[in-house]
Each structure stands twice: as C-alpha cells, then as structure tokens.
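Order of writing sets the chain letters: A, B, C and D. Residues in each chain are counted from 1.
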Amino acid sequence: MSSIDRRDFLKLVGAGGVGTGAGFVLRESINHPVEQLIPYPVPPEEFSPGIATYYNSVCSMCSAGCGITVRTREGRAKKIEGNPAHPVSQGRLCAHGQAGLQVLYNPDRLTGPMSRSVEGGELLPVTWEEGISQLAGRLGDLRANGQGNSVCFLSEGVRGHLAGLFELFMDQLGSNRLLHYDFAHPQTLYAAINRLFGEANLPYYDLQNTRFLLSFGADYLGNWISPVHHGLGFGRSRDGRDGVRGRFVQIEPRMSLSGAAADEWVPANPGTEGILALGLAHHIVNEGGYERGDRDAWVASLEAYSPAAVAEQTGVSADTIIRLAETFAGTQPSLAIGGGAAGQHSNGVDTLVAVNALNYLVGNLGREGGLVFNPPPAVGSGANGAQATYTSMLEIAEDARQGDIQVLILNQTNPAFTLPAAAEFRQAIAEVPLVVSLSSFMDETTAMADLILPSHTYLEAWGDDFPEPGVGFSAGAVSQPVVSPLYNTRATGDIIIGLAQALGLTDAFPWSNMEERLQEGWREIHARGVTAAEADDFEDFWTGVVKAGVWGETSRRVRPLAVESGVIESIGVESPEFSGSSAEYPFILHPYLSNTLDDGRGANLPWMQELPDPMTSVVYGSWVELNPTTAGELGLVEGDLVEVESPEGTVVAPVFVYPAIMPNVIAMPIGQGHTNYGRYASDRGVNPIEILSPQVEPETGDLAWAATRVRLVPTGQRVEIVKTGGVSRELGREIIQTVDAEPSAGESAGLSSIPVTVVHS
Amino acid sequence: MSFIDNFLARWQEYREPGYYKEFDYAWTMTIDLDRCTGCEACVTACQAENNIPIVGERGLAQGREMQWMRIERYWEGEYPDIKLGFIPMLCQHCDAAPCETVCPVSATYHNQDGLNAQVYNRCIGTRSCAVYCPYEVRYFNYNNHHWDAPLDEQLNPDVSVREKGVMEKCTFCIQRIRQAKDTAKDEERRVGDGDVQPACVQTCPAEALVFGDRNDPQSQVSQSMNDPRAYHVLEEVNTAPSVVYLKKVETDAG
Amino acid sequence: MQGEREISYADVNRDVVRSLVETGSKYYITLGISATVTLLCFFFPWFYQLHYGIGAAGMNQPTVWGTYLASFIFWIGLSHSGTLLSCVLHLTNSEWRKAMYRSAEAMTLFSLLVAATMVMVHVGRPWFVHWAVPYPNQMEMWPNFRSPLMFDVMAITTYLTGSSIFIYMGSIPDFAAVRDRTTGWRHHMYVLLSLGWRGTDTEWHRLGWAYTFLAVLIIPLAVSVHSIVSWDFALSVVPALHQTIFAPYFVVGAIYSGTAGIVTVMYFLRKYMNFEHYITKLHFDNLGKLLLVLSLIWTYINAVELFTGWYSETSFEIEALRYKLFGFYAPLYWEMILFCAVAPLLLISKRFRTSFVPMLILSIAINIGMYTERFLIVATSLSRQYLPDSWRVYVPSFVEISILVGSLAMFITLFLIFVKIFPSVSIYEVKETLPEPEPKPQTKAGVPEWQPTR
Amino acid sequence: MNVSLVPTLKALKPAALVVGAAFVGLVFGYWANATLFPGPAQGTAYAPEQPINFSHKIHAGDYEINCQYCHTQARRSASAGVPSVSKCAGCHQLVVPERPQIRMVLDYWENGEPIPWVKVHDLPDFVHFPHKRHVAAGVECQTCHGPVETMDVVSRQAPDQMGLCLTCHKEHQVEFGTDCLTCHK
C-alpha cells in the first residue's frame, strides 16, 4: 500500500466525518419520542386505568329525554349508548344522541364567564364572582324597586326540577316573564289534544302494538317528539309479532324519513291534511258502520267533507280516501297521528283535532296499539306549562322595544336563529340594557349578550328529567355528571342557586347546589312509594335511581272513551291560508327539520355535519328540493343556484332534484345558515326560517311555518353539491330485494347459500 | 435447516388458501330491510366507536368519505307512486373474500372467527383490496386526519388511529369481541349470545340489526338467518358474505 | 447491405466511438433540461405526496387506482419493445435488427426502472414496500403468495434482471472495442465493463451460445410478465376488468406500444447521433409492417372485449360498456380508437412506412393512445362498479399529471446517459453485415485494428 | 492490446478509499449513536434517567415486595399501571422519610403532583397487550421485563418486537396466539 499524501488523507478524513454524521442522523431519525407514565397522586375509587366505567344519565340533545349510558375510560367520556332500563330509549339511541360527546368535547365551547365592560365593547373574561355579582346586583336593584317583572327568562324547553328552579327564581324576583322556547315544540298538538280530550299533556302513541298507522305529516322517525322510541315501535310493529305486520301510511307533501319507511306515501296538498282526515271520518261515520250515540252529531258536522269534495281539495283521489278509511276502520288496533308541518298551517289546531278525532271514531283511545293517556308527570306541570309561542315571543320583543325589559336571561335557546327575520327579535334584544346568556356555545343570540355565564353541558351536570309525553306511565330519570367539568363553567342549576343566594333569597333557596335540590325533590317522589325501584331507605332509593338511571311508576291510567262536549259540533277544517299570492309566488315552501342538525342546534357537531342526509346524502350545506317535472319546466338541474324569494326575504341555495315532492311545493332543510356558531357551523348554507312570513295559527298563536309562498329566481350560477351518494337507482341490480307479502315461517330458507366456510383441499 | 423446514411448512399453508375448515366463532350479522328506517344512528355510532376521522367538507367533496357503515338509498318508480329503499352497507366479512387474496402483504386475511381482518400497521396501501371489494366498503386514508382539541379526548383507546396511506374498514367492533372473549375466559366459558354487540347493532332504534355467532344454532342471529326473507347482496359475485339481509316486504297499505 | 453509402469497419468504429466521446453542447443542454424537469415534475411532487399522503392525487372512494397505475402498466408495456423484440429477431437471424437492438434493449431497461418507481409512487406507504419482498424477518411474516401483485413483484424483478444481463452481455465485445479506442476515465470504465474481453474464438463461441440461450429464456418471460400485470385486474370481480381476454390483450398492447416506442427512439438516434447510415429506411419499413400487424390484432381484441360486455346481458357489464363508450370518459375512448386502431392503417402504404417524420408522428400518437387505454382500463371500470350509490367520477390531480410528465423526463434522462456510456449501435453485429476489408497494417494509434474473428 | 485491470484499479484507488471511508463512518456513526444514547427505539439496554432514582433492587429484590403490591392493575386490567403517589407516601411517611430521594417523593405527595416517570417498555399504539391475561396465564413479569428485582435503574431487557411475542405464544401454544387480531388493534 503506497503512502497516502496529505490531500488524500484529508479527503479520507472528510469522507469519514460525513459518513459518521450521516449514520448518527440516520439512527436519530428512527428514534421515537420518549413517553411518560403519569400516576395519580391519589387513586380514584370509581375507576381504574384500562377498564371502562359506565354511567347512566339522560340525553338532552332533543326533548325526547332518552336514557343513556356513557362509557368512560380514564375519566374521559368515550361513547354514549342507550340505557336498556329506560322506557323511552330501551338501550337504543339516535345519531344525534351519539353526537352528544361532541357537545362535551366541542372545540368551540365557551370556557369561562365573559362580560362586556362597555356597551358594544369587547367580551372580556371575568371571574364567576364578578359575573354573578354583576347580574345579582342588577336583579337586586330591580327587585328592590319592585321592577322584578322587567326581568325576562328565556330557556330552551327544560323539565324536571330545573324547570321548577327557574319558576321559583322568577317568582322570587316577582316576574312572570319565564318562557321556554323551542322552534319545533308541538304547540298546536297540545292545543288540539286539549280541545278534543281536555288533556294538558300529550298522550302516548303506541306504535309498537298498532297494526295500521296513518301519519298526517308527522315525521315520527325523523324528529317528531320521540324518534328513538318511535323507531322501536316501528320495528316491533313491523315484525315483532307472529303473523302480524303493522302497516304504515304517510300523508305529506314531501316524502320524509317516515314517508320512506311507510308502505304507502300519499302526497296531499300542504295544509289540507285535516280536510283529508275529515274525509276519512266522513266515510267511517257514514259507510263505516259507526254506531255510537253521537253519530248524528258527526254526520252533521262532517257533511261538507264527502270524499269527492275532499279529493278535489286535497289532491288525493276519492278511491284512496275510501280505501284508507276502510283499512283504518277495519284493521284494529289502528292509530292516526298528526304533527310536523301539518300542524303548522293557519288551520293547524283544527287539522290535528280532526286527525286525532279519527282515533276516537274507531275506538283507539286508551288501548294497546292506540292512544294511551299519560298520568301527569311526577314533577312539574309537563312541558307545555311555560312554553313560548311565536306570539308570546313577539310580545317579549315588543316589551323590549318599549323598555319594559331591563334584564334578559337566555338559557341554551337561540331565538335569534330560530325566529323569522320578520319577528325582528335581534333588534329587540339590542334594546335590552342587560342581556345574559347561560349558553355553552357562542351562538347567534349569545353573541349579542352583555354577560355570558357559560353552563355545563348535560354530561357534566346534575339534573333530572321526566319524559313528556310519557310512555303510558309516569317515568323519570336522574342525569349525573359523567366527567369532571372541562372548563371554568357551572351547572345551570348551580348558577341560579348562586344568583339566588347572592340576592339573599337563602330561605327560598336553602340548597348549596343542584344535587341537593334534586335529592330533596326525589325524597318526595320516594315518599309517594309507588315506584319500580323499591327501597325503604331514601339513600338506597337515590343511589338505586342514579345507578339504574331511571325510575318508573307502575300505575297506568284509565280514561273513558269520550271527547269533550261540543267538540264534535265545532269540528271542521278551513282550507289553509298562505302569505303571498299564488300568482306572484307560485310555490309553497315546505321547511323541515334536518334529520341530522335538528332545528340547527346540531350544526356545530362535526359528526352531524358529516352525516349524510338520509334522503339526499348531502353533507355540509343547504339545498332546495324540487320535483323533477318542476325542475324540468324551470330548466334547472342539481347544483344550480336559485334565489328562494318569499314576501319576507330571499335566500340562495343550490337545487336538488327530489323525486318525491309535490310539483307545487319546494322543500328546504332547517339547520344550516348559522352566522356565529363555531367553526363547523358558521357561514355554511342558509337558514330558511329567515324568509318565513309571520303567519300565525290563530288559536295558539304559534308560527305557521309551513304557510309561506315563495318563487324561484335562477341566478345562473352553479355549485357542486357535496354529497356522498352516487346514482340512487338500482338499474335492475336487485340490491334491495323485496317480497310481496310476509312469507309464512314454514317456508324453506331464503338463503340459497347460507354463508359457510369454503374449504379448499 | 430450520429455516428451510419453516419455509416448507409455510409453503404448505400457503398452498391452501386462508380459509378455515370451520370457525371457532362465526360472527354474523343480519339486517332486516323491512325494519331499517334509514335513520343513520348506526353510522354515527360506528364513527364514535371506531375513531373514524372527521374528513371535512373538502375531503368529502373529493369523495373521500370514511364512514365504515353507510346507508345507500335507491329510488324506485316516479312521482307520485315512488318508493325509497335504504340499505346499510358495511364490510360483509366474506368467507370467500376477494380482498384477502389480493393483498400482497397479507394485511387483510380471514381469521378463525370468520372475521375479515384488517391489520392497519401491516398495510402498505396498494389499495388493491378496495378495488377487489365488490361492496365498496374499504376506505383509504388519503391523508393524516386531525381532531381539533379537545375532540381527540373522545378517541377510543381500544382502537388504533390510522395514519395516512392505510386502508381501513368495518371490523365488527373487534375490540368489543376481544373484550367479551376476555370476560368469558375469566369465567371459563364461551362467549354467549348477546354478550357482544357492535356499536351499530347496539344502537339501531328499529332493532333491524342482529349480531351473533352462527355456529350456535340457538343464537338469535341463527334464527333470523333462517328467515325465508334472507338473502345476500350481490349473491352472483359468490363471496359468501357473513352479513345477511332480510328482504323488504312490499304490501299495498290496503 | 446497410445504408446508401459503402461503410467500412473503420467507419463503424469511428462513428460509434464518436457517438460516445464527442459530446456537443446540444447534448448537455438537453440532458440538463430533462434532468431539471425530472426533478421539478417528478421528485418534488412526489416528496409533497409522501408528506401529505396519496390525497395529493385525485383518487376517491370507489376509484382508488388512478394514473399512477396506468403509468405503471404503460411503462411495463413500453419495456416489451426491446428485449422481447430483440430476442425474437435474434433467433430469427434477421439482419436489420442488428443496428437497432441495443437501444431497443436499453428502452426495456429504463422503462422497467421507471415502472418500478411508479410502484413506489402508487403505494400509500412506500417506506414499508419491502414487506412485499419475501425475506426472513423477526415478524415471521411472508408476503401473500396468492396475490397477483406478488406475482408482479416476482415477474418484474426477474424480467429486469434478465434483460439487464442480456443487454450487458451483448455489449461486452463493444465495450472492449471502445476500451481500446479511449483514454482516461472512459478507458478505465470500459476496462471494468469489458471484463477483460480479448476477442478469442472461445470467447466468441461462449458469448454466442449464452446469448442465444438467454434470448430463448427471455421470450416466455416477457410474455408472462405482461400477462401477470393483466391479472392484477383480471383476477378481480370488477365489471369490465374480470375478463379472460385480458392477458393476451395486455401482451399485444405492450408489444404494440413498445414497437411504436422503438420507432420514436430510432428516429431521434438517427437524427441526433448521426446514425443515418446504420438506421435506415429498411428499419422503419420493417417496424412499420410490425406495427400494422400489431394494431390489427389489438383492434380485434378490443372488439372482442366489447362483445363480451354486450353478450353478458348483466346490468353490470352493460353499464360498464355503455359508460366506456358514451360516458364521462367517452372522448378519451374514441381518441384511443382513432390513434391506435384507425391511424395505423396508414402503414399499408410503403411510402408512409419509409418516410421518417410521419412515422415519428404516428408512433407518438400510438403511444398516446396506448396510455389512454391504460388510463381507461382503470378509470372507467372502477368508477362504475356494483353499487350505483357509490359511483363517483375520477379526475387526475395536478400532482398526478406532473408526475406523469416527470416520469417521461426521467426516462429521457436515463436514455441520454445511456447513449454516452453504451455503444448505442452494436459495433460487431453491424460489422457482421459488412464485407470484410483488407487487413490494414497499422493504425495511427499503433494498435492493430481489432477485427471480429469468426 | 491492454486488457489488464491493474492500471484501472490503481487509478480508481483514491476514489475507492474515499467511498470506503464514508461507509465505515456511516456504520460507526450509527453504532455510536445507538450505544451512547440508547433511545426508546427498538433495541435493548435502554435505561432512561427517572425523576427519582427509584431502585427496584431495594424494593422488589432486597425487601421482596411483590410486583403487584405496587403495580396493582396488572392482574385486573390491560395496563399494569404505576403506583399512585399516595401509595409511595403511604409507606415512606414512616419509612426513612429523611433521605433526600424520599424527600422528593414526599414533596410530590404534599404538592399533590404526579411523578413524571419515564416509560421504559413502550409498545406501539397499535398493539393490544393485556397484562391481565398474561398474569392470569402465570407468565412471570421477568419474562419480558427482565430481572427487575436486581436493577437499581430499570433498563429494557427484551426488545419490544413482534418476534418476541410470537416465539412465546408459539412455545406455549397460546390459543390463536399467532392470529394478528390477538395483539393488533
């Protein structure tokens, strides 16, 4: 080996050095970061790492009040499931309920109290003490000068002891302005039931045991009253019983989820559902062999509703009417339900009275598979007690403009979003000197608040719930916190109690927190004695209820098969009135609650935004549904942007050609179009509520939100509707196979090849 | 020589495709289309249970949905006499699965419980399984997905979060099956009927979904499999699926 | 008889060696450009894709395969030009092969290399791609030998090995020849490459024997390679892919595009490496005839494919067919028919076959058409599978297109480097076609003229 | 004619040397990093520094405290768990509270802070390893964790690699022990 001169040597050293560095870096690059093991300072008793713990609670994503079981690991909520013991959900849960986790863990939650120091200024963080004292001080002054009534409390629909707490608080303040406001609250149905049967609460519609269901516009599987429970009923009625298969008919201008599930979908002109119902009644009373004492009265009041006359009004053929009437009367037990858009016309209450009267005519009252009347809830007056109607909201707005309202407290309700622009509620709120919001999220209304006292989500707080309508007997459930609070928030009840104490109302509010209040309340329930969870000692009873997540009274209620006097004479349905002339505004706007976003409260949950709409598979956005023929006439195809123009305003949304909607109707989902509701909801889609005309149902004063006429103005622009579905036609591929009738169980197995292992040798 | 013997032994295994003479458990699901209401509770339940990412509007616009269980909808007829049918579509756990033969690295295979297993950390992302799957139920991670804090607190620790370039699909909630087996083993018994339910079955409000072991003739799923309405979607492809559908009953309402 | 003008052994040596040593600025410019394009259009987008995930491409839920796979098949197909053709012609002792086979084989090599890179681009986690290779490991995991993709890995590696040995062996005498005429680093390089070739009778004898042996070996291999590639598709149950015709279809298509590729390369070699005397009308004429035959076979198989779909009478196949012919991608389909089935009919005329520029244009058109075919195979079938509600159209993203361009540039770059290292025209085989000259006493270099000893 | 390799090899020697040096350097660098800074990457003999010099030798070895006295979860749950600070304090408020290291533990205890132990055995997230099952099957902790009772500073003895699990599973003919889904989630 010849000697290496200096340059070569340097070369070698350089090369070696570079190599070394490279090798070092290589090893470094495959090294992964150091992880740590963090022990608990003190081990918690209730759970141990690596093992799931389950807590029972109550879902409050909608007003149905399903019982839930939450799976937690290491103190974090992982999954919400239905509570098998709870009579409403019976172990099942809807998509919305599942998404409750994203309410808890939502990145856009309000993390602590905030206050506007100066009018129109920035919202700045404050401590709870400051916040409470600021509000309490104001309330104290008003109360002292006897102006307690100038305090207004607007809440979402709450039940149980929290509702009681609100009432007590407002009484103490000396104010009667306590209102629960939900856009979708079935106000007119309550009125109808009340007029027809003199009942304050809704009856229990027993889908599970019925054999024939007529639904007039009620999307009972979508969002009407208690979707999960109806789903259970639907399934069991379908093939829960030997040889009996419940059949379902859906009567509505636009096919809803329930319409798709039904055996028959009958499109009837919007607002004429009641007339159709009376048409059926007419046939049942006259030809249906109806002989009860009040037959003559019926005949008299139904005279005008011969199938022929009805057919020409509703657009449903007379044959169909007679056929449905005969099946309805002939198949026992049968059930007629009405709600949704059908109840939100100028003739809403009359319509629902007519529909429910059908149940009376065929004797479906108080029996299995029919209409079962509920005992009054164990606590509180039921949901309709302090429910706000559109009119009462207008009054509030008016008072606010007059300056009669000094303080407005909002709890989780978002009227700025769920009231039409015509109500000018935003402007009214702006007039109120002190607007306080207890919401957990920065929604449209909360954004206008001067003081924000963010409350816990339902998974962090104590509470209880008594489902309304019940399930035929009185039931209730306690909801317990399943995780420790994430942020510097407080339970709504605790906030109220805290306020009361700050106001010095200690004798009226002797409790230190909501949990105590609940225990005291449940003592009374325990004292009534008649409970499913038998326990002599209250402590056992309480822990039992909290553990089981449910409590129920065994006693059912019997009620004579009768209607209020004078109802029969007064029965009758006017033809609906719509705002705007049919010449100027050719289409009737049929807004419907989105299956995924409900009335918009679900829009900030990414899971709900990503859940394809069942009927159209559209995600993230709004659309306008048109009948294919209508679309053809207007030369519109999917994705064309159109202005939907009502007398009250305009929204722009892309067209979706929807095969199952009446040609003179266009439908839009409610839920999108938030301007201020977190990153997932803001500035996405449009809100059809804004362009609704302030048409009210005269008897209840509720908003007739299905009674707006609109016209379509193509903009010429196109967008690509974001949807997951492709071509929704089978093209003869027999993907969804059908049989004509329920085959008898004796037949041979339908599977030509039961999946067995393929054995190769 | 042990390596050679080893190799030869394995070669024998490979000559026989990855099917079993019989399964230990044969997990099966039946879906009653007459009960299914298309409410999509199952979809969200699955998304919550299995750490299925939030794809975002852009991703969905590009057609990259990830939900392991989806509801397909098929219109029939024209207005006014038109019907809409829903059919939940999820991995059929075929006993003769095309996807299993094609994966070059055996990242997807059939296990002794009749499950069509997907081993995420073995997957190299050729995506051929998705091509071979006639049911379109295999979903590919086109990029790393992100959960805005604190949404990630909800992630299920029993299910791994998949990284970019990995194929994923329905597992019949293997983590729950594993848990049930664990408990059963403690009590020295076999997993009984109803001990384990995937998230979708558990949540279905209409009780349209039934899950169980078809090796056990008493199990609820065996009963409903023998219903005359039972059928397989795309039977002509002959993949022997473990998901059995029950035909929709069509009667005029009278 | 080669070319128009008498050329002597000396000319051959001179011309070929010149093509290696004398490098004009034009060459460097071209090389520079192609290299830069490779970097910008292939590697940068690829690195971005590695970072972001396959999402950088335009693929979506039902259409999970895209242009990457199409390019893969395309390059594999192109590879069938050289080695296979060269072998066939070698065994049939056709004179005209000898001037062109070297560069043709080079094409094989490089298109295979590019194809391999396309695989890396295609898979979701290329950093684990070695799991597809059978080697003992602590995980005790083997690849899935049932998988057609596995077959692919095997077939392609074998083919790559085979054809590289083939081209190298064929070049040894030429390396020796060049070795003796070069100095400096080139000399050293060729010393290593030529493995001490002296040109003795024994050496010639062994070379000839081994060469023929390999040729025989490679032909079935080449055929099997593309059959196997076709099985990636044919073994699936996807409508319009699940077809028995696919193997021959792919093989023919491969040779077809490959031959067209040769024409293109020949043209440029001839023009820019001054091989006018070696690559002549004769070659273009023969290649033209070959192309004509192949295009007819290809067209026939296409027709067969349509009929299988039509006769199947299932909604699936019919829809796939309808979609291919009249659906979203229909324009591409008809473009393919025009380029690959109609245009080649021009080759019937000898005048067309023997005129260079038209041949160049046609050959390029054919390869565009063939690429389209590969793209359509993936796109049309995958976006129209069994469940209509999951149908979705697929459009390539910018990244994909850029990577496609980049892969072409990569091929060109490799080829440009090749022509400076390998004698791109076989010296000794060309000489075989020339008359023996009188032995000259000495050349200026003082080295006796090297002669083929037969 | 010159066909000898010798001049060529001579000419190429410098280049060859450079390449060789670089390669040697590469290997050396990798090895140096691996030995000087053994990280949580695969491989054995990884012994990170802990916030407190807890000696398993003293506790498990000399005083023969049962592993599961502190790692109580091992027999109940998938994760063996680390003892809570209260557990440490429980004894050490009485036992040698004056020693500086113990003092640190008690400080953590009094401030109600957790002790940030550093993971030694760190399985990837896609692996499902239930300690419970293995304890129930009577697998000694030492099988994977090595002779912890002899260690003052715990170091990883077994490489956390798939091969290890498989060998053991095969050896003991674990039911479906080689099914991927047994361990991979």
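Here is the rule we go by: a contact is a pair of C-beta atoms (placed from the backbone, for glycine too) under 8 Å apart; a residue touches a chain by one contact, two chains touch by 3 or more.
Owing to the predicted nature of the structure, the values given are computational and were not obtained by experimental measurement.
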item: Chain centroid nearest the full-protein CA centroid; value: B
item: Pair of chains ranked first by number of touching C-beta pairs; value: A-B
item: Euclidean distance of C-alpha centroids - chain A vs chain B, Å; value: 30
item: Centre-to-centre distance between chain C and chain B (centres being mean Cα positions), rounded to whole Å; value: 42
item: Distance from chain D to chain A - Cα centre to Cα centre, in angstrom; value: 52
item: Chain C, residues touching no fewer than two other chains; value: 62, 386-390, 392
item: Per-residue multi-chain contacts in chain B, two or more chains; value: 17, 63, 65, 70, 72-74, 109, 122, 234
item: Contacts with two or more other chains, residues of chain D listed in rising order; value: none
item: Chain contact topology (line, ring, star, complete or other); value: complete
item: Contact set on chain C toward chain B in their complex; value: 52-55, 58-62, 64-65, 122-126, 128-129, 131-132, 136, 141-150, 153, 232, 235-238, 314, 382, 385-390, 392
item: Of all residues in chain B, those that touch chain A in their complex; value: 16-17, 19-23, 26, 28, 32-35, 37-41, 43-45, 47-49, 54-55, 57, 60-61, 63, 65, 67, 70-76, 78-80, 82-87, 94-96, 114, 148-151, 153-157, 199, 202-208, 214, 225-235, 238, 240-242, 244-245, 247-254
item: Contact footprint of chain A on chain D as seen in their complex; value: 14, 17-19, 21-34, 39-41, 48, 73, 76-79, 81-87, 108-109, 112-119, 122
item: Of chain B, residues touching chain C in the complex; value: 3, 10, 14, 17-18, 59, 62-65, 70, 72-74, 89, 98, 101-106, 109, 122-128, 130-132, 134-136, 139-144, 164-167, 234, 236-237, 239
item: Touch list for chain B against partner chain D, complex; value: 24, 109, 111-112, 115, 117, 119-122, 158-161, 174-175, 178, 182, 185-186
